[in-house]
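Per-chain residue numbering starts at 1, and chain names A, B, C, D, E and F are given in the order in which the chains are listed.
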Amino acid sequence: MSAQAIDYANASPEVRAVFDDIKKSRNVPDVNNFWKYLARDPVTLKRTWQSVKEVMQPGALDPLTKEMVYLAVSVTNGCGYCTASHAAAARKAGMSEAMFGELMAVVGMANETNRLANGYRVPVDPAFDK
Amino acid sequence: MSAQAIDYANASPEVRAVFDDIKKSRNVPDVNNFWKYLARDPVTLKRTWQSVKEVMQPGALDPLTKEMVYLAVSVTNGCGYCTASHAAAARKAGMSEAMFGELMAVVGMANETNRLANGYRVPVDPAFDK
Amino acid sequence: MSAQAIDYANASPEVRAVFDDIKKSRNVPDVNNFWKYLARDPVTLKRTWQSVKEVMQPGALDPLTKEMVYLAVSVTNGCGYCTASHAAAARKAGMSEAMFGELMAVVGMANETNRLANGYRVPVDPAFDK
Amino acid sequence: MSAQAIDYANASPEVRAVFDDIKKSRNVPDVNNFWKYLARDPVTLKRTWQSVKEVMQPGALDPLTKEMVYLAVSVTNGCGYCTASHAAAARKAGMSEAMFGELMAVVGMANETNRLANGYRVPVDPAFDK
Amino acid sequence: MSAQAIDYANASPEVRAVFDDIKKSRNVPDVNNFWKYLARDPVTLKRTWQSVKEVMQPGALDPLTKEMVYLAVSVTNGCGYCTASHAAAARKAGMSEAMFGELMAVVGMANETNRLANGYRVPVDPAFDK
Amino acid sequence: MSAQAIDYANASPEVRAVFDDIKKSRNVPDVNNFWKYLARDPVTLKRTWQSVKEVMQPGALDPLTKEMVYLAVSVTNGCGYCTASHAAAARKAGMSEAMFGELMAVVGMANETNRLANGYRVPVDPAFDK
């Protein structure tokens, strides 16, 4: 364990409370490295977890769709940690290999056409502004 | 119509063939500005349409999910045209206002935690590499 | 003229010296908006112009190639001003419509495969590290 | 070989057909990791290779210029794999150390002035819209 | 007022409560467009305001420094709205024209050297990992 | 030492002159890897160092604020090397753990709201254009 990360054994009561809620909500025995590193700032740890918990709960979009969107953003931004962790989360939520393949194809295509639209300086169609 | 765009009336037969396929596939009376600008390069126009058509067809992921992922990437990249056009496409495919709100919430959160992971230099958990 | 920009008539002697050098080096009657806005900070104006002048001069790469690379980066970053100004500069340096089309095709493809490599978490081939 | 990658020995006939075409087109004994990972989705593998092959062939722009543009985009996006692989490809196509140095200088400068233009909110010169 | 935005007069009680807290906290007569558009999703509106309020309050960093960092990120990402709004907020918090000029210079330089580090594939110095 | 880097012992007189100035200006016994890799292009090495030296000197903004802004940009861009090196530089300039935590919180929040503004296509308030 790096000195940069805070493990449960070394955590303050307020950090432990967040870790406990993550473990209970996700039904996992331990939290991921992301939370252990963020625990260096207990205020940001608590706020981030509460926000993620609220945003990722089932609603108009199901958890699998939300995790795939999270993965699409992470891949676009080139965040290696986030790509690894949200691919794992999406698979746990039901993403099959075929779904992963199609998701990556869409992400790749969107990144390509985003630049074609930029390069050709395409003006927004009036119909899109209605 | 800008001199930068190619309208059906001024299009070559090969460009018209692509425009016709877009209109037929999407059941629309005209193509969006994106295709009219891209028509300046007929080879790229044809290849891009064929790729988009293949990637966006129903498969392991449904068209609505694919459009929402496309929108998530476009918003992350800050492509104004793409955000406008794919928001319209996603709504046409069934995205409700509630779904749009949740989608934006996930996109925002992913962009935030991507940077927290970068900033704290979080190493990938061994479990994600299995 | 916006109050945010500094025109030659309102420029200090040090700003005018930079404007004069830009006009002389590029053989143009006036400088672009970029320089008029940057003139609000004469130190950054001078340093940026000197750097651009040094970097964009003919060398191992010719001016056209350099302008096309500048455009490729600007399109990738989604900088609207830079895309417009460097497309104009590249055309002035000899970029044909066919070259523009191929350039955009490469930029689009690179942005797509960059994300495929991110998403599939492809490790660097040992041969690339030699 | 990671379980995430598909080697020739384990590839299906359709994947082998793509691998064979890559090896023949590039005159190389084996394909790079990028293709071995992408092979997990044979449809995306085939489409991506056909697109790359079409886009990167000699045309109005020569292969070296195209590879340098590919590298410029990859560096801007921070794609580590792509930076390594396209630097190798550009060198193979003739990029000298002096050309690499100037390419990086242009990429760096473009990324800097892109943000200066964003920050000063520079409006597009009317001349660029002609 | 666009149909996309929700003004105080048309807002629900829960949206008005957030608008009231923004106006009181910032001592302003009305909220910015950002909040009026976000009001379309009251849950995200409330969470985002609470997070922004917590993050931007004086702490180990003063409000001016926080606003300048916010502006630096917005300029880097090319978010036009955010660049305009956070430049205004930073000026209100005390950013002088000289400070703005130096801030942009640092943002530009960081974006440049970020790509030089990417392009040269510079490995992290062992001293930075202590 | 990688063959990609140039150490003081193997450096040309012009590279050594830059290395000497870096060591003297920063009062350090050796230069970071960034400069050793950049030394492959002595012209870019010299120009980049002179620019960084000018931009990062105390002025309207103090060195600590400048380093934190540099770090904020590096984290946003996902440059691993730059995040590591500028976090070290910021700490050396006085950034405490509490300041780092708040800095990351602002960077994360800015990246989130940048995308919410993009996604909701928020128009700039007239007051910001005054």
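Everything below uses one rule, namely that a residue touches a chain if its C-beta (ideal position, glycine included) is under 8 Å from a C-beta of that chain, and two chains touch if they have at least 3 such contacts.
Nothing here was measured: the structure is a model prediction, and the numbers come from that model.
Give the chains in contact with both subunit A and subunit F, ordered by label.
B, C, D, E
Which pair, B-F or B-C, has more C-beta contacts?
Result of the comparison of B-F and B-C: B-F.
Report back the single chain whose CA centre is most distant from the CA centre of subunit E.
So the farthest one, by centre of C-alpha atoms, is D.
Among all chains, whose Cα centre is located farthest from the one for subunit A?
Result for the farthest chain: C.
Quick check: how many Å separate the C-alpha centres of subunit B and subunit D?
The mean C-alpha positions of subunit B and subunit D differ by 21 Å.
Centroid from C-alpha atoms only, then distance subunit D to subunit F, rounded to Å. What do you get?
Measuring from centre to centre gives 27 Å for this pair.
Where in subunit A do residues touch two or more of the other chains?
Residues 40, 43-44, 47-48, 51, 55, 76-80, 84, 87, 98, 101-105, 107-109, 111-114, 116, 118, 120-121 of subunit A touch two or more partner chains.
Help me check something: in the complex, which residues belonging to subunit F touch subunit E?
Residue positions touching the partner: 2, 4, 32-34, 37-38, 40, 44, 48, 51-52, 55-56, 59-61, 65-66, 68-70, 72-74, 76-77, 79-82, 84-88, 96, 98-99, 101-103, 105-107, 109-118, 120-125, 127-129.
Spell out the residues on subunit A that touch subunit E in their complex, using ranges where they run on.
For subunit A paired with subunit E, touching residues are 43, 47, 51, 54-55.
Where on subunit B is subunit E touching in the complex?
Answer in residue numbers: 78, 97-98, 100-102, 104-105, 108.
Quick check: in the complex, which residue numbers of subunit A touch subunit F?
Its residues touching subunit F are 40-41, 43-44, 47-48, 77-79.
Any idea which subunit E residues touch subunit D in the complex?
Residues 71, 75-76, 78, 80, 83-84, 87, 103-104, 107-109, 111-116, 118-121 of subunit E touch subunit D in their complex.
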